[in-house]
Amino acid sequence: MIFQIILLIMLAYVVGFIYFGLYRNILARIQGRYGPTIYQSFYDSIKLFSKKNTVNYGWMFYLGPIIMATGAVLTLILVPVFSDSDFLRSATSQGNLFVLLYLMVLGPLGNALAVGTGGNPFGVMGVVRGLTRLIGLELPFYIAVVGLIIAANSSDIVHIIDMQKTGGLNIINHPLLFIAAMISMVGFFGESPFDIPGAPQEVYSGPRTEFSGKFLALLMSQGSLFAFAKLVLIIDLFLGGADSLWMLVLKTLAIFVTIIFIGVVYGRYKVEQAVDFLMKIPTLIALLGLARVIWFG
Amino acid sequence: MAIDVKGVLSPLSAIGTLFEHPRTITYPEVKKEIPRGYRGFHINDLESCIGCANCQEVCMNEAIDMVHPDREYNPKNGSGCVPRIDYGRCCWCSLCTDVCPPSSLKLNNECIHADRDSNNFLYMPKNRKDIS
Amino acid sequence: MESGFHGSDLDSSLKCKLEESGMANTHAIMEKAVNWFRSRSIFVVAYGTGCGAIEMPPTFTSRYDAERMGVVGVATPRQADLIILSGYLAYKTLRRVIRTYEQMQRPKYVITLGSCPINGGMYWDSYNTIKKLDDYIPVDVYVTGCMPRPESVIEGFVLLQERIKNGEKAGWQKYDENLKFYKDNQKRVLGGHIDPSYETDWYNLENGGVA
Amino acid sequence: MIDLSSKLEKLSLELVEKNAHLYKVTVKLENLESILLSFLNEFGYITLDSINCRDDLEEGLFTITYCLQTEKRDHVVMVQTSIDRENATLPSMHTLWPQAEIMEREMHEMFGVDFPTHPSLIDFALEYWEHMPPMRRDFDTLEFVNSMNPFRDQRGDNLDVKVEMKKRREEKKAAKLKAEQEAAAKLAAQEQQNPDSEAQNNE
Amino acid sequence: MSDLKNTIKIFHGPQHPGITGNMSVELDLLGETIKRAQTHVGYLHRGFEKLVERRTVVQAFTIVCRICVPEPDPNEENFARAVENLTGLEISEKAKYIRTMILEMQRLATQFLWMGGQAGSIGLGLIPQWSVCDRDYMLDLFEELTGGRVYHMYAFPGGVRRDIPDGFLDKLSDLMNYYEKRITVYNNTFFDNTIFKSRAIGVGVVNADEALKNGYVGQTLRACGIKRDVRRDMPYLKYDQLEFDIPTRTEGDVYARALVRRDEMLQSIRILRQIIKQMPKDGEILQKIPKHRKFKLPADDTYVQTESARGAMSYYMAGDGSEKIRRMQVRGPSLVHAYTLLEKLLVDSQLADVAMTMNSLGICPPEIER
């Protein structure tokens, strides 16, 4: 099992970084340029790991990225990657959706602890923005997840996947829930219009302002691990999971590219506008979906 | 709450660019042609330079030094000096070429140079015939 | 004098490459590999200090696309490897530039654009700009032009990547070694009004000056 | 414009037409405030476009020009006045036009003109400036630069062209002279030789 | 000042991605609401007016284009026209047309750059990537015409320095067709973008009376319904013979200013098309001046205004009978915007609005402090 966990993390690391490279390439193509090589994120992360660190804010500051990385890794090992085989399923039997939802919030909290110690006003501002945005993001996503749990009568992801095999994909059965969850996902991926915490034109890099070198590299790695975990979670919940590597890549890529497309063409909301929007439209959609689940099954 | 349908949907048309050819000039591999009249580095025909120092006089940046060349030069050169330009001062305004009586000093469309040493920016103009 | 660019020879210390004999041990190989990765990924801090800032947008956007070489802009100096000093620096800017430069994490590099940082440029007789930037901040690559074309800026990136790849002694090492020289020069032009030191112990220069 | 001209005549001021869109009126310093006030309130020049200062070092004056525009903005009237260069003091106009505050702040820094009623005479562009206000014409910027900054030292081989021309002319003259002398010597030698050869021939 | 008790003070700039150039705004923040704003400039101060005094007219001509980096041509035009006014030079018809053309080309190029900045300030990274490239196509034409990419040093007192190369007008005409197509694309992706609308409408509202009185210029004025344009009110060069409209809006906010700028781009295309049609085939381009290099300015002063892409830019110039300029003072369009207006607009707005407001006012630090 330990071997599988390590393999999973490595797979997620590679896939996550290649996806990030792909993201940069697609972005570049839409912007009318070639963009970097697909491995650029590896280069960046190795370079950042090799940088010397001279700033010191105490151990709490260093713990922040580690807490975030822990959240990402735990999320990853609790999500079933393949639907049929036990391969890479690792620790899935020990956790269910509620644990996952809790772990997804761990990252921002770890961030908040570290950035508070750093004392950079822009970092603090970014964290405050991030936490405010999280309120908006979580509401529609949680409602969507609750809808699925009611529909499947279980909070176990494996069960939800199995149910989709017989009863049809959730994206077709519960499209409203899917739309609501996807809108939240755009925010969880830090894409426009919800990329408020790290808005460079406003608060530099927000929470990451003081992080450099190794810690930035750690943050980047956890970001790509987490991105992979989130993609897998979405396809597990709505697209019936993946039974082979090809299916996994195809489905995650489809979701990922959709998110990129949304991110690239819209600008950035202000934080209260974003919360306002998320509390209204996606929440409304999610509630409608939930009502449909409750009354029509 | 009115939803701005056009404002939501019309930006999505941007994704069409994904399938267009990029506009990038991949510089070190592909070089864009710089037009002939571009004000780049200096060239000086030593066969016709008369060493009058008009260029030195008009230069507001005091970028031009008159020095003895180590190449063959115009025997009618009055002072035996030719201009050498300090590219730590030059602003490529082309006034020096405007006032050159024999029109020997010119600007060429070659203009790309990067160096690691600041002492390496004194430029002795090449002869025109040395540039293909 | 021969035609073309010339001046004094390169400083021999700048040419300090990795020892050829040391290639056998793994450390040197690791160093070489890391240098290669460093050269492929350069983060530029977003700070337009002079006229040259106007040629930064074309360099970094779709027409010349510096990102295909791994050169990307980042918002904060903490995360940056490279600062592009685009043109002349007023004294007021120099104070901020020194602070920005000291906040960057090692290894860090400096590229300057245009004539002005080399020998004053067209503001050679201006009372508010500095003339030889190399006295205050160590510069790795100079790019000629007024303004340099985006192609020239990319040429500067190529040269910088080559320098990093070869493991040449970079400006930040010079800055650390000759801290007193640089600080004295900075003090001379900026007077006592220099920003509080970031990581350099300004009051304790005699003992190496590292806080 | 005839309208404005007649109005100004009542104040015994002359409106000079520079071109179709530019007029100038010169006033005395003590009338400046009242005239600007009447320009604003009576003649309808509600916009202050800029305040310009010129240093007439030879006359010992600063010439201040207020450029005013009406609501239509189709012409500019320059209201010009002169103040003494030493102890230069002007009334602040920020109560009439708020943008005058920033223009006067700049003038204070660049020329050292004092505005006793100005609310915020803080730094504009310079920082910790301890020398003479830099735009005054007796401030020599080149001398200041030379005292602050070293330039690069490799350009010592610059030659003075006039000296070189003279040298070269003299060289040429000397060469010519030498050539002439040589030619003469040669001729003389030939002549010397010739008799010998003739003599030889004769022999 | 009691309301400043619980605020934190941050410096927005000069090293900041959201600032227009090298300047800074000192902000007192309560949460994310700005309670007080103070502009600081001087990071780019070079003392141009001093440098010009030390140089002869011809030498000073090469330096003035550096006064405003994104748009050098209005500076050159102002300088050339001021010298022509003082010395009584008349320039030829063809030179007038070429100069008008150069000014309009520059206006288009600057608006494209502005569009990139405005879209970038709301995090829409796609538009700068496109519009800066589109601007580059114009710079290519500048390269061909003037020999310089950014600094053209082209409009010399007495005319222009070079003749139009062969086939240039055809290329310009093609580019105009391309730009017209592109502007519809920008309409779809940027100006109609729901996020831009929701961010920009109602932010940074300027009221019309105040705009006239405080000397605001350009789009800031036109976006609150006041039809003022130097090209129309005090026509110079060929503008009195060219047909164009002055677009105005009444809202006075960031969005209105953006739309005014977009409409001005269309008007510039219209003007350039007329110029291409009317351009004289031959004629003098530079007046023959005795002692060409040794202009003598009479002891007189003048004041010229040019409509730059961001509003009226004015030069005051005085000579003293010698070859040197006694005094040249620049009043850039954004001097008042950056201080009087920005400091006022930012109070009680959000930190997220700072970059957007600054961009829409067209603040350009090099011409505030010279």
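Letters A, B, C, D and E mark the chains in the order given here, with residues in each chain numbered from 1 onward.
Just so it is clear, a contact is a pair of C-beta atoms (placed from the backbone, for glycine too) under 8 Å apart; a residue touches a chain by one contact, two chains touch by 3 or more.
All of these numbers come straight from a predicted model, not from anything done at the bench.
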| item | value |
| --- | --- |
| Least step count from chain B to chain C, where 1 means the two chains touch | 1 |
| Chain labels contacting chain C and also chain E | A, B, D |
| Result of counting contacting C-beta pairs for A-E and C-D, higher pair | A-E |
| Farthest chain relative to chain D (centres taken as mean CA coordinates) | A |
| Distance from chain B to chain A - Cα centre to Cα centre, in angstrom | 50 |
| Separation of chain D from chain E, taking each centre as the mean of its C-alpha atoms, in whole Å | 25 |
| Separation of chain A from chain C, taking each centre as the mean of its C-alpha atoms, in whole Å | 37 |
| Contacts with two or more other chains, residues of chain B listed in rising order | 11, 14, 22-24, 26, 60, 67-68, 86, 88, 91-92, 118-119, 122 |
| Touching two or more other chains - residues of chain A | 28, 30-34, 200, 204, 264-266 |
| Overlap residues in chain E, where contacts from two or more other chains coincide | 16-17, 42, 45, 47, 50-51, 54, 62-63, 126, 129-130, 133, 151, 189, 193-195 |
| Chain-to-chain touches, reported pairwise for every pair that qualifies | A-B, A-C, A-E, B-C, B-D, B-E, C-D, C-E, D-E |
| In the complex with chain B, residue positions of chain E that touch it | 55, 58-60, 62-63, 126, 133, 143-144, 147-148, 151, 153, 161-162, 165, 185, 188-190, 192-195, 197, 293 |
| Touching residues on chain B, where the partner in the complex is chain A | 1, 3, 11-12, 14-15, 17-18, 20, 22-24, 26 |
| Complex contact set, residues of chain C against chain B | 1-8, 10-11, 14, 62-65, 68, 115, 117-122, 124, 132-134, 139-146, 149-152, 154-156, 158-159, 163 |
| Chain A partner contacts - residues on chain C that touch it in the complex | 34, 37-38, 40-41, 43, 46, 61-63, 65, 67-70, 72, 74-76, 78-79, 81, 105-107, 199 |
| Parts of chain D lying in touch with chain B, wherever the complex brings them together | 152, 154-155, 157-161, 164-165, 168-169 |
